[in-house]
């Protein structure tokens, strides 16, 4: 983790299908797009003096590489691994090897859904988590990250 | 839910062993006591214009009754059911019958612990949740509740 | 069991959340309250020459104590353990030690609900059962108890 | 369901081995035969102004056909599927497609028996049930059916 | 069981697909037909002074009825329930209610086949069994039955 | 399989409750009856120069016998075993012993339904399958069978 | 879905290892290559007035992206997800969010293979399916899609 | 743990239904009552210079509170949690947070009973245990505690 | 297997605790001792022109060695592995490597006993089996072996 | 059990690896050797007028034989089967056939260790047990045995 | 496999996170980087006259493609699939379709880690394996491959 | 572990049935006998300056004792526990208590065989392993051991 920089840096990383936010099943996920969420998050980051590295990818391997980048270039990771939350040991291994704090985030409450979503391979290696608050959960995660980094 | 009161009311409810906070396993749960947490939460409530009803009980039946009280007298419930999270269908039934928003909270990350703590009977009936932020998680939950109630 | 009393006595015992009957989820459980049900049951008891001891408690330990009371003071027990049906070995042990007939009752058909409600710790130690008839099931249980006691 | 007939009709349907009632394991099932039970049920039906269609078959396919007949020609079905309760998806499908109320009945308490009897494929699609009252359970089921039909 | 008849009677009962013996998969089951096996069994019965009632049916309900007949009219039952061995609680119930000795027989060794053939609902209620000897197993079962009846 | 007949013969076999097609749950299965489907299938058979043997039965044993008939008298079998798909080892054994191609068909997508419908005892012994196309699936199965037989 | 275009468009999408068709295990999958199958499918598409978008990729993330493209640019999706059928929640989520009809296709009968292939994460979210017809199954799927789209 | 007091103090704590000792199922548990056992234990305590705090409660929450009291006011805990042994995470959490030695005791051998009694949530957090010696087991536990405290 | 010897040789091998036959639980296993059984088996062997090598050992490794001896020096093995039937992969491996026919034998019907006796590691590698006939089962096994060797 | 001998005899039997006591993992098992423990146990036996037969073996078959010896020559058995506790049906069968009281003993608390140590094949057939008291547990077991024998 | 080339070619393929070798968790995996390992492997390859194709990728689909390349261009594959070992059916399918020998390698002993690492989808399709030797395991694998290729 | 001896000593230990190597199933295990393998291993040991203690036993208890000997008298253990790999907690305990490095070896790839061979009780306590290289695997294990000891 970088030490005394005037502004700390946090990666907000989205997994598969999140790029379709606002387009896909708006009844569940709302009508705000991923691009609009980025603007919102940057502004929330300002509030807590955090620079936001906002990225999304559908590929498991690509997400592994982005977590390596977070580890090398940022001070904290807010991760919504979406479907990979339930299946990816590779992302779990990448997160487990990271020295910066990691917060897991979900827009909805995944426990209220299908059986196979009960398996959460990431929860055992993250520091903290936030779920079910929709878009506002990103604000809480940013604020919570600020707390963990202070 | 009461409608346009100048100040909304939120119950923060703690389950078994939480009255021992600060005394029990301080390496894990920190040194702040339950009584000190109450003071902190009331102050955070002020910030978001929420009146806090702060209660704790070790008994499953008593908690069921307190959830009935939350349903009748408050506008939101922030619930740390502690061990009953993993075993109580009675508390689940009480929560499921409530019309106000319910946020689940844990001081630590329970997924990183024993097998029998993987079963979460409450997660399926709450609206949202926060875990792993320690004491600061209560602030995030209060802020998140303010969002859900607005 | 008391032997030749002119009027036999039967306890009707309700478990957690049943005190909220008529208030909680009326689409599922109807609008009759627990207090109104007591009146109805007393009247049905009259019909079959049975005195009714009508009690409810949300607490597992309290229910154990009430089953002890049923064992000492009544001739039969009609038990709706609600959520504890699925989790309480303590109540099962109390029922198993009782010498009077015990009838299990549920207002709805619990098998048509969540997975964890498939576990029924009590069914193995009761004499008989009635489910899915709503309020009218209490009349059938009282009539059935009269049959078991005759 | 037929609407305002002066006398409604109810099928009482028995599954495999029930034709041996009174002959088979009388310590468990009593000494009344299936034929004697028919007489008794018809008389109980009179009491509640219900005409009884009383049938039994050992075959799974035959029972499926009789449930179709109940659906076409009667107003309610009281079903003791015996062993098929635990194994027959075909009977479950037939029951699920029926528009009349269906009451499941067992002479004994099946939960107190072998592991494989814990699986109940029918319970999820019936309206109500009665078990453990022996022959008298048929009276309760008929009375309960009268209630459901009124 | 009949007591002192000069010649005792034994039913040999075959389940589904056994009528195709000799035609179906002769590499596994051999080329002798079910009709030829009947001749062989009658002759073996002679040897041990047993009259053979040799029957086969593909239907579960029909087999239940034939077991009732064995119970009423014979002194012992040699049963090859074929596929129903693994799925029929109805046949198990019929066998369990029988007072005569019952021997289970299989031409091959069923344990060496598919997973779902590991479940054997009958083995728990039969007296004895013979498997893997092919046609000759019927001779051993008849001889063993003679021993059980003596 | 018959070899060079000018017209090959295919059995279309329906299992339990399919005789109620069009009457039972039309929202799911449509309003075409089993008899109307027969007409349609015969006409589709004409198109591919196939003679259709169109039969239905509710009984497991009867279906076993009809599969024997298909094996002896036809060149291919299109089988909708309905509920027995999930429970019948007897039908599986009958299909496994058949030398003609067998196509499994379902009107709907059974995987999207209850847990116990995930078990498919037949799929391991059929050659091919078609599901979810409704009535039109029968046309695809007939065409597919023509391909397998050519 | 595009509405009244003279020619509707259908994506045929292949998953991991399908690019090796014809080269890999030809005893099982035949000797036709993926490129030759494309030609064949385009010609079958002509027959039913459908334009074919024929694509293949080994990557889970890439397939998620291609399903997004199908959703935006085509009227139907014929999907052979190969190995990802059994492991990918990400592809399931992508399919579930799509408004166009989706047909699952397999060249062979996957149920007859290893245990871990019994898990099918896609079947619950597709409309229909075809398996075990080899190359000819693609023709049936195209014809079936034409039916679903008309 | 208190350090050099002339007489150390040990809590003997009983769970649900133990207050009925001697009354409930005397064939299994003997005829000595809980009150008589208290006298006996006090006397055995004398022998080993231990003061006994002898308490019982049927409630899970109350037992949690009594374990807190043991932690604050005594030097060792001998716990018979009865039915809660198999279901209570709350009691487990309370025991785990205690710094004094804890001995688990059962009058009978619970392993020889029902399946659900195989789950023991406490055994993993106690120091030692004694079972199957009946009343005399309390003497062994007191002596064993004296050893652990010396 | 040796080929044309005038008298073939068969090993009858007993596993752990069988040396106590007649002494241990005579209600279940009868009063004949292992030594008396040897005499009986030798005499039955005479009848079928078989020389009997009759041995018993309590040790798993010793039994493995004796199976090697059977393989080298005899023409058939009749094996009662007793408790090792349920736990020994080593004995299974030894049996699987043997070229002579192997018959499994049990005095009682093990399927009617504890859960852990349902696992049978040997059944998958033996040729045939006999159970539940008591001492007489050894005669049937010797006769059956004579059949397999002829 | 021998009846009125002036001194009763008790076998203390140790299983695999116990001969290495004091040498193997002394942090867990202490530094007292098996030979030193024998001296200690003989002296404790004196105290309760019991003669001690102190034996150890690493082999499953040898332990079966020693249990036979205990049954023939002693009045009680104190058994630490070590690893065989979790895997040996043979030792369970030997213990179950014994008429003398059997006490199970473990130096540590095995429940707090690996998953496969949760299976205890012996607990269901012993009379009583003691665990977690280290060497002192042997004293408690000897005293408890004296109680069972008086 | 290419046949008689003077120098055979072997691909050494690394899966997700292996590019971080030496940087990530050096206490477990050591301080040698992936680039340094390449140098070492090339030199070990020289020793056994093998040309090394040394590649790594984080993506599942990319690894599938590289296995296709190994199949087309090399004579053997040494595969460390890392996290995909436990989740990827796609990589298993790719390996299963390869005609060259495949050796699985792990730096550590994965069996000593989390539950979900017990599932190994690759082990069933590789020829041989090496684990737990750290960097030196690559030398052993190269030597072992030389043996398999000779 | 001995420290600076000019020649270190390694035990190569074989489990049940390995003494039959070359005789038993040569298609799988090859034609080299255990005695010939000893010669080969001694020569390989020379190469790496290791003295080989080469032993085999069929008995679980005997293997436990030999592991104790390895611990006392050698510097490393190469263990092929054969069938006991899957069933022996006793051998696991013995290995876990050893301070010298332990390498697990199998001639074939056991994962590609029966379900019950998936359980490996030893893998969690060994340092490293080698499988599937046949006889040559012993050379690799000796070389790997030399590396671990240097």
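All chains are identified by letter, namely A, B, C, D, E, F, G, H, I, J, K and L, in their written order; residue positions are counted from 1 within each chain.
Here is the rule we use: a residue touches a chain if its C-beta (ideal position, glycine included) is under 8 Å from a C-beta of that chain, and two chains touch if they have at least 3 such contacts.
Keep in mind the model is a prediction, meaning the values are calculated, not measured.
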Between chain E and chain F, the fewest touch steps amount to 1
Going from chain B to chain L via touching chains takes a minimum number of steps equal to 3
Matching interface for E-F, options F-G, C-D or A-G, criterion over half of contact pairs identical, gives A-G
If CA atoms of chain A are superposed on chain E, the rotation in degrees (nearest 5) amounts to 180
Per the C-alpha centroid definition, the whole-Å distance linking chain C and chain K comes out as 65
Averaging C-alpha coordinates per chain, one finds the centres of chain G and chain I separated by a number of Å equal to 56
Distance between the CA centroids of chain J and chain K (whole Å) is 49
Residues of chain L that touch two or more other chains sit at 59-62, 87
All chain pairs satisfying the touch rule are A-B, A-G, A-K, B-C, B-H, C-D, C-H, D-E, D-F, E-F, E-I, F-G, G-K, H-J, I-J, I-L, J-L, K-L
Seen from chain A, its contact residues with chain K in the complex are 59-62, 64-65, 68, 87-90, 92-94, 96-97, 121
Counting only contacts in the complex, chain I reaches chain J at residues 15-17, 19-20, 24-25, 57-62, 82-84, 86-87, 116-117
Contacts from chain G onto chain F in the complex sit at residues 103, 109, 111-112, 120, 123-133, 136-137, 140, 143-144, 147-148
